[in-house]
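Look at the two complexes coming up: chain A is in both, with chain B in one and chain C in the other.
Let's look at the complex of A and B:
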């Protein structure tokens, strides 16, 4: 047990998040036999996938440093869900336009976030919180406060029904997104630049990297991922309402942090974030299984999150 | 008659660094006293000790015949010592009057007496009447003022304290000739009132025109105290330099037919009409006291502090360099002495730290570590960098080895122009030697090198030719037999050789 490699792996956030997931599954199984059976795990992973897609964007924003955080992902998910619902209106032919519009418009709004943060130097917290208010106001006007639109049957099936080997399509999409994220972060100039500006923006400028462009793009991508998650949300629930995305804001940040990405930026990666999303989803599910009142569940969830933040927020040592 | 200030046997040790070994400073009442010496001789530390900003390791400071021991600048202020800060103490959002009286507001009863402060501030501004230019009023917001007026506000802040001893460290750096003239007239008037001034200046002519006595420091010790009237510029320069050193002999054979870099009338906030040429294979040293435009020139050539006017030509082409990527694309490389701030991707691997510039230069979209690692290992090995593996975090290396990595970062791009901005700061002797050997081999391979060092001896030993900077412009070009420590120091103090 004194092998430094093994010790390092034990201290690795990815390992811890996976261990926590397994531990929570066991707790769930003890509390409620059947909790950890195959179909139930697939169900949990489906919910985790939606969180994981939002967290992919959040991951990029946080990696990019300068206090990077995107609090507008909640309203972007709602926007994506409402737009997708109206584009599809229960028709399979509407799926492609829905993806384009529900991904494209949040992407553009994300670019505006990026421009505000980068060029006007508005702190990300304030910029994205302000943008949340703008999007929510816009959504009220757009939807007249009444939910409308519906998911296409094909989309609902893709997310809720088994596709191959009992696994729904969305999980394959999540794996594809994960492969893309890992490739972009580890093997492309863009990914290198994200780490570089998060680690030391001044040094990044001094090697000639287009720092402002990268940062604007990061926020745009966060909007894109949130919009696409919105499409998944309406596929999952069938209908949408204008605050459907709110519940994802804090978990998207926490999943990234649990996964070992430094809130200071410049270190971390997406595999950890995936594990973080899974662990958080199982935790939520365990709390439901306990049959607690809603308020008690929220308090326990909130305290757990803050405790995790305390643990991980202090971790200064950065991963390579 | 007792002296206004008598500091004796002052030493100061910062960790392993002996900043002061034998500081001595005696200033008479109503005397303007120059404190002179090369970079790092300890004059700033000595001033900070007198002003209470730094506590001495040993030694005594006396004022008007009484021993004093200041625990902080506030106590020194109350005892009548006022220190001039180079722009660092002004609050840009506040008015001129508010800045002048910041922390020592005039009061009537419990409340700040705004009327009295405005009246007094107007009187002080009146001292520079006719030379301060438009817009310097009590209500003007300091952040909106040009640099010369901000510096005047800094000066007025010192005057407002009605101190017994004023410490003016490079107080005229941003002033024009008439403003400096007025400043010295005011000092002379204060002198008649019995106020003493300790002046640090980068101009030898100013010192000889204004100061009564001179204290010369070298390597952390006071070398001599002189009456200005009884000495010469040459003698002062010799005291500052100590043992006269000539440049190490350089290989001849430098082709000066076609210049590689041609800079004409370069100007920005820190540069005033800088023009020069360099040749392929040449190591051009930039010397002078700190902050006279050497770093600013390198940063402007690299686009991080672009020129406001002037021309940069390289290999016969005129270049517009507005940002670092413009410079990188033209084959320029910039190595800063401030590694942590300017170069280090902390927490990232050695490989990533090296490959960053190469990725930009070669416009790589996809980065294949397996394909790049042999090349990266080779540049790191050429520099004799010691590391366990390319995947280790950069923070696992010593300062010297980190600096080698940041140089390797640029060597991987095969740069044609190397801009070295005090690159040996804080690295060990072995690493320095490796770095100098590398500089020469790069030059021999045809690169052009601009080399700024805050240590004159490094420039004497390794540069082929020297440009000495003073107040943002070139005060002398030294080469061949003229490249000596004496000439460099004279030129650093604005005296043409």
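Let's look at the complex of A and C:
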């Protein structure tokens, strides 16, 4: 019983996040029978997948250290959704161009974020916030304030309809992204470099890693993931509006933190982030099921975050 | 070279120059800008951000951040108007309401400080979480915007005392506060905490007290901002101040304070907030098509932030 490996696993954020998810599902089932039935769980996972895809980019940025955080993901999601909507305009033939444009442009904007953070040394929080204002302004100009475009039927079906074994296609995509993230982070030179610059940038520089290049690329990837999440958002809802992504910004950070990635950088991984995204989505759903008033839902959500911080979000003591 | 060194040590000098340029441009675009009534109404618009930015500076100097200031402003606003209404809307009730609002703001600061300094929570996520809670409580106190304050409240706010508008007195008081605090050992210690936390701890500084103190100051200034906003809007609104957290951080950075902590001053943040306000003004009067205004404002703010960081980096 006192096996150190079991104890360590019990205290692991991944375990806690999964346990929290299961616990929340049970609570939801008790409160509202049918909450934890198969189709409901698939629906919850679909919502979690979109958050999880955004959080993949956020995860890389936070892992890369130097106060890494990307607050521009919300506006990049909106940008991706609006661009994809216009490229598709309800036609299946537009899906491929939509993916290219809605992924590519946020990727380039993300590179600009990375350049600002790396070479001008603007703190990431400020850089990505400033970029948010610029993208939102750009969206107003581009769309003239009027939402246009629509999701292709095939994309909507891919995200909302069962594909194989009652599971929609987006969940397979999420699993693929997860496998890629875990493989890249644990098995490739790029992945090791991300951890290296996040935990000790100076050492990373001294061993000859192209630190600035890696950091710029990380921010670009965050933009790419956010843009692709935007394509999923328009597939999920059918239409888009220019602030559709705002609601994902802080949840993406929190999913990463709940999943055990340190905000200081250099430690953590994507499996925990996935569990964090699922736990966060179920929590929001339970709060909605409770039929609480808006204020009570907000207070409970905030208190839960604080409780999670108490579990494993605490910083090191100064007294050794 | 000495000029460059001056700019490195006093980066807000550039912000002041930018501010003067913006004032000039604004006066050219809008000749009525220099009229006292126009200046007073501009100042009334800028004042909440200025005050929040002053409080935010102390938190950032200590190496932390406060994302909950906007929610504190909303909560203080609704508490103030609700208490005024509950006490019957007399002059005494107005003071009672303002006091209740102020205490609320202080309490919010204490809560933030307790979690972050006492329990060692991460500041960004914590103040985001407490911000959600404060905003939720604001909706609980006053679910719908409304509940007008007695006329005496907003009329006093728009009046002049000794020939100087009340809003200008508030600004002067804020600036004097920052100047006085900059002479106190408190600021030196706070800056030490932000610059080298381990070193400050080993020197024997009371880290907990200093960091909580910074959050309380931030809560107090958010209260002042809320009381000013209440004078401006003359009613309660639980959704007030949503953009204040992020614009106050921008104002602090523009004012020459390092976001990582350990360097800067709150007087600079006042200028930073004025610059942000003036950028909005100039763009409005430059006659750009409406849909381009947000984009241009975003680009200018980003460029200004990049410039500010470029000069202060060490």
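Operating definition for what follows: the second predicted complex is superposed on the first by the 308 of 320 C-alpha atoms of A that agree within 3 Å, B and C clash if a C-alpha of one lies under 4 Å from a C-alpha of the other, contacts with A are read in each partner's own complex, and residues count from 1 in each chain.
The rule is simple: a residue touches a chain if its C-beta (ideal position, glycine included) is under 8 Å from a C-beta of that chain, and two chains touch if they have at least 3 such contacts.
Everything quoted here is computed from the prediction, not taken from an experiment.
Undergrad: Give the label of whichever partner, chain B or chain C, reaches more residues of chain A.
TA: Between chain B and chain C, the winner on chain A residue contacts is C.
Undergrad: Quick one: is A:140 in contact with chain B, with chain C, with both, or with neither? Answer first, second, both or neither.
TA: The second partner, chain C, only.
Undergrad: Please work out whether A:130 is in contact with chain B alone, chain C alone, both, or neither, and reply first, second, both or neither.
TA: second
Undergrad: By the touch definition at the top of the document, which applies to A:297: first (chain B), second (chain C), both, or neither?
TA: Second partner only.
Undergrad: Could you tell me if A:253 is touching chain B, chain C, both of them or neither one (first, second, both, neither)?
TA: Once the two structures are laid over each other on A, A:253 reaches chain C alone.
Undergrad: On the A-aligned overlay, A:203 touches which partner chain: chain B = first, chain C = second, or both, or neither?
TA: Once the two structures are laid over each other on A, A:203 reaches chain B alone.
Undergrad: Of the two partner chains, chain B (first) and chain C (second), which one does A:187 touch, if any: first, second, both, or neither?
TA: In the superposition, A:187 contacts chain B only.
Undergrad: Can you give me the overlap between the chain B contact set and the chain C contact set on chain A?
TA: Overlap of chain B and chain C footprints on chain A: residues 318-319.
Undergrad: Residue numbers of chain A touching chain B in their complex, please.
TA: Per the stated touch rule, the residues are 187-189, 191-192, 195-196, 199-200, 202-210, 262, 266-267, 318-320.
Undergrad: Could you list, by residue number, the parts of chain C that touch chain A in their complex?
TA: Contacts found on chain C: 65, 115, 119-122, 124-126, 128-133, 135-140, 143, 197-198, 201, 207, 246, 249-250, 253, 259-260, 291-299, 301-302, 305-306, 309-310, 313.
Undergrad: Write out the stretch or stretches of chain B touching chain A in their complex.
TA: Residue positions touching the partner: 302, 304, 323-325, 327-329, 334, 336, 341-349, 352, 355-357, 359-361, 364-369, 391-393, 409.
Undergrad: Please name which positions on chain A make contact with chain C in the complex.
TA: Checking each residue of chain A against chain C gives 67, 69, 116, 120-123, 125-127, 129-138, 140-141, 144-145, 250, 253-254, 257, 263, 293-299, 301-303, 305-306, 309-310, 313-319.
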